[in-house]
Amino acid sequence: MLRFLLRRLLVALLVALAVSSISFSLAYLSGDPAIAIAGSGGSAQDAELVRQLYGFDRPIFVQYADWIFQALQGNLGTSYYFSMPVSQIIGERIPVTLILGTASFAVALLVALPLGILAALKPNGLLDRIALLIAVSGQAVPSFWLGLILIVIFGVWLNLVPISGADSWSGFILPVVVLSYYALPALMRLMRASMIDVLQANYVRTARSKGLGMPTVILRHALRNAVLPLVSVAAVQLGILLSGSIVIESVFALNGLGRLAWESLLRSDLAVVQGIILILSLVYVMLTTLADLINAWLDPRIREA
Amino acid sequence: MNLAPANDPILEIRHVSRTYKFNGGLMKPAHSVKALQDVSISIERGQTLGLVGESGCGKSTLASIMLGLNKPDSGEVLVDGKPVLSLGPLQRSQLIQPVFQDPYSSLNPAFSVYDTLMQPLRIHRSEAQDRPRRIMDMLDKVGFPRQLANARPGELSGGQCQRVAIARALILNPPLLICDEPTSALDVSVQAQVINLLLDLKREFGLSMVFISHNLAVVEHLADKVCVMYRGQIAEEASREALFANPQHAYTKELLSATLLPV
Amino acid sequence: MTTLNTPIAAITAISTEAAPRRPHWIKRCRQNSILIGGGILLLMTLVALCAPLLSSYDPTLQNLDARYSLPFWMEGTDPAHLLGTDHLGRDYLSRLIYGARISLGIGFSVVLVAALIGTSLGLLAGYFGGKVDMLISFLITTRLSLPIVLVALAAVALRGASLTTLVTVLGLLVWDQFAIVARSGTLAIRHQEYIRAARATGASHLRIMLREILPNLRSTLIVIATLEMANVILLESALSFLGLGVRPPTPSWGLMIAEGRDSILFDAWLIALPGGMLCLLVLAVNLFGDGLRDLTGTEVKR
Amino acid sequence: MSKVLEVNNLRVDIPTEQGTVHAVKGISFSLNQGETLCLVGESGSGKSMTALSIVGLQTPRARVTAERLELLGKPLNSLSQRQLNQLRGKDVAIIFQDPMTALNPTLTIERQMTEGVMRHEGVRRQDARTRAIDLLNKVGIPQATERLYQYPHQFSGGQRQRIMIAMALMGKPSLLIADEPTTALDVTIQAQILDLIRTLATELDFALLMITHDFGVVAAMADRVSVMYGGKIVESGPACEVLKSPQHPYTQGLIACIPVPGRTTPGSRLPVIDHEKLAVKELS
């Protein structure tokens, strides 16, 4: 188990390193980050000034090493727009994204798991059909558009919830509904498919041959095995919810990380964008690592792999 | 039974050893498994060698090495007097061909029977006009109905699949066939048909054969010479009569006594 | 033993492990989902291809005198503009028709790029295993760790928005599913006996990957392609909605929703129409893919 | 000797899209205490379907009908699911072909062995454990006390089949059904496992219904044998008699086509069953 843990952490570290280099090199996509920051209206002197101020004149590896070294100490550079440390700005915005992402994830899981299991127990039954309908429509509707439509219906016409901002908890209702509806189909379909697979497994037949009742067979023998493939997908989904809320945050005018990233991009505030991408990627890496650990806990075969 | 001159080996395995090393990637302790230890066998032209052993005894590794698909750590394999590793894949495949155990997984489900037999001819750039005739002739020889030539493996029975697999192996006219448990996955009534087919083909083409099996009774029926493998080594090598009449090695005796017969 | 077909099965007519239960209407449903999905998809493709013939207006032509003309089902409409005009007086029907071009065009080309990258990587990883697999799996993990919307946004913003940039960036970001599926499919096939038999007949590695393995992955990859296409269409619309995808005045449905957003309180139809088209297209692609998956019995878990 | 199992005119029909498959076409047999009956046949003969339908584990869509299907005098086909569950794992137990997949990979052996009796007999966990350790010792798993808490993947294939046997015997069943229990195993392991089952059957005096395709297994295990072909029993009788002088042409063909050292001449063609001729005979 310890060896598994160490190996998994080493991989996570390598991925984190790769991800950080990608987010760092994003700044060079435009060719010269200095010109990007100085803006298209800026003169050559402006660009030169920016170059010196931000150290863009140093060799790229030195810049990267410096950036990583600083990042390890919690310093992600300075936003040129806010003239504040990036980490501080991100710190202020993180709670909204975190609440939104985790709440949507929880709602999605709470609906998807029972629905997927019940649908699997009677494939092609009525419940399965309903579940499929929910899944198919959830995959087709663009979440930003659904957000706007819900704002019109519940915020404007019915006037039930605030249409923007997160001043109170009720401001989170619509965004959470939209985001969880977005995450629901993948989780539910996987739960269903996996459960159907497991119910056909030989060991489920063995369990039934022992005279156990169906609830015991499903809860003790089937569920644990059926959840295995779901764990890693759920981790990826949570990651998507945390980073994908960028569209939803802008629709509902929530001051989260996604909206900050978007605005910073429009302002060419590169340090902030790099910082956010790095943070979100690291969260991703952490989540997938966590998923592997949960799987190892659930499945003894993985522990010794 | 055959007219080929004696003592002219078609296949010689000389002191072959193979160890699998698992360095297991990051942070996993390396360990190794000795799959084969100093194995030497020779097969005369026209002879059938029975290779007997249980799962994990190294017989499949040996089959791969004979086919040149796996390299031994030491020792060498000579086919028709030439080291198998010195031959190019095309030359090698004209000398030695395999027939595998699982009739379904040994045929590509994406190909029809006809296409399956076409692949070796394409790879070997045989005369294009001759190909359809060669394929149909071969189907006749293995007793596969021509009208099913366009069927896919999923539509065939296990016995039919195994006939196609044998046809594919023989279409390049190799003198040597490696049969890796070709009847183990079949029903006994189908097993009898495949055994009969192999016997017929052996006579007709003067084939030499390595017949790998865990079933001693089948080996007794087909083989001229038998090697019993145990934990990567040759436990006993003897003519068929000698082995069944007077087994020497303890493992051979155990295997013989464990074999269940319908009497 | 039990899975083999023997002469006895011929007597029993059908083996005991015959096809799973599917009531008749379910089967019809599946065929229907392919027909409906494929039908809508075909129709939209035709509309997109024949856009100049179908619309009487240039979708980017502004007419500030004819702003916010209402669609036909409302009162006080302009018969010249069946679906009304937007805030710049551009004909909405024409914009919707040309928008189909953008969605389908980007969806198709991105999936093509992604399928090429992902399938090649997956085949290599699955076939050679070992160090190659470790490296490619690492690439896949890294790609999965990147927040895709954000990276796409940043890349498009910094490279400057153009259709080529958009297709390249998205293609480089969504190959992961192809790679994962091709890799696991190849892994499952690699040790099949027919691969060893092909090696024994002298086939090269490249030939085995392309001729022996790829045909067996085909139906799975096609299903993935449809599902990914739906994904990409949604992604493009989201990027355009945020103003960092397709550049105005090019008509993209996502962009049209963004532009209609300012008048959301009064003219909700301005966002309802392009959104509805998006839903319809994505639904059609998904239905088509789902039907295909059920029909070919492909296992794709998502 | 008391009658353990009585099967009369058992039919299994499976509706499919192409019409109904008659997997088992009205077969009858009975089994006494301490007796071993082998159902032998090739794939598709309906032998496994017979075994599964006795304990109600057939595929959900299959329809099972029988004039009589009685275990210890209790009619199995008219019991509620709840009543059937009380019989399964207690009066009747079953072991399957593939020991690698028949055990739940995520639960310990202890958990899987004890859950049945704890439910059926309300035994305390501690007592169930003692019984499990006893049985593991009996089936030849060394260091049973420690190994009880291991997971299936930590055992070899032969050991897993031994565990399956021990698990089946936890409820002291009157009938043990073994569905090709040694087909997936090596020859020497097969001999050991068959030996074990035979010893246990004598010691614990349960009736054994053995499903197999292998006449070698029949010769080693059976008191009586029933040969199945195309969903019917074509021949029944004491094992030694059927093996020595089979009456039905199918049985004759099936026994003759097996190479046997000393009986068949090496290198000679083996007699082959003419399925078409038989099929005509069977269908008419």
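Per-chain numbering from 1; labels A, B, C and D assigned in written order.
Throughout what follows, a residue touches a chain if its C-beta (ideal position, glycine included) is under 8 Å from a C-beta of that chain, and two chains touch if they have at least 3 such contacts.
Being a predicted model, the structure only gives us computed values, none of them experimental.
By C-beta pair count, the most extensively touching chains are A-C.
Here the chain at the heart of the structure, going by C-alpha means, is C.
Centre-to-centre spacing of chain A and chain D amounts to 51 Å, using the average Cα coordinate of each chain.
In whole angstrom, the spacing between the mean C-alpha positions of chain A and chain C is 21. Among the residues of chain A, those in touch with two or more other chains are 11. Chain B has residues 25, 187, 189 in contact with two or more other chains.
Contacts with at least two other chains are made by residues 1, 3-7, 9, 22 of chain C.
Within the complex formed with chain D, the residues of chain A that make contact are 201-203, 205-214, 216, 220-221, 224-225, 298-301, 304.
Partner chain B is touched in their complex by these residues of chain C: 1, 3-7, 9, 134, 192-194, 196-204, 207, 211-212, 215-216, 218. Chain D meets chain A in the complex at residues 55, 57, 81-82, 84-90, 93-94, 96, 98, 101-107, 115-116, 119-120, 151, 153, 164, 167, 171.
Residues of chain D touching chain B in their complex: 42-43, 186-191, 194, 213-220, 243, 253-255, 257-261, 263-264, 266-267, 269-273, 275. Considering their complex, residues 1, 54-55, 187-189, 191-193, 195-196, 199-200, 214-218, 220-222, 240, 244, 254-255, 257-263 of chain B touch chain D.
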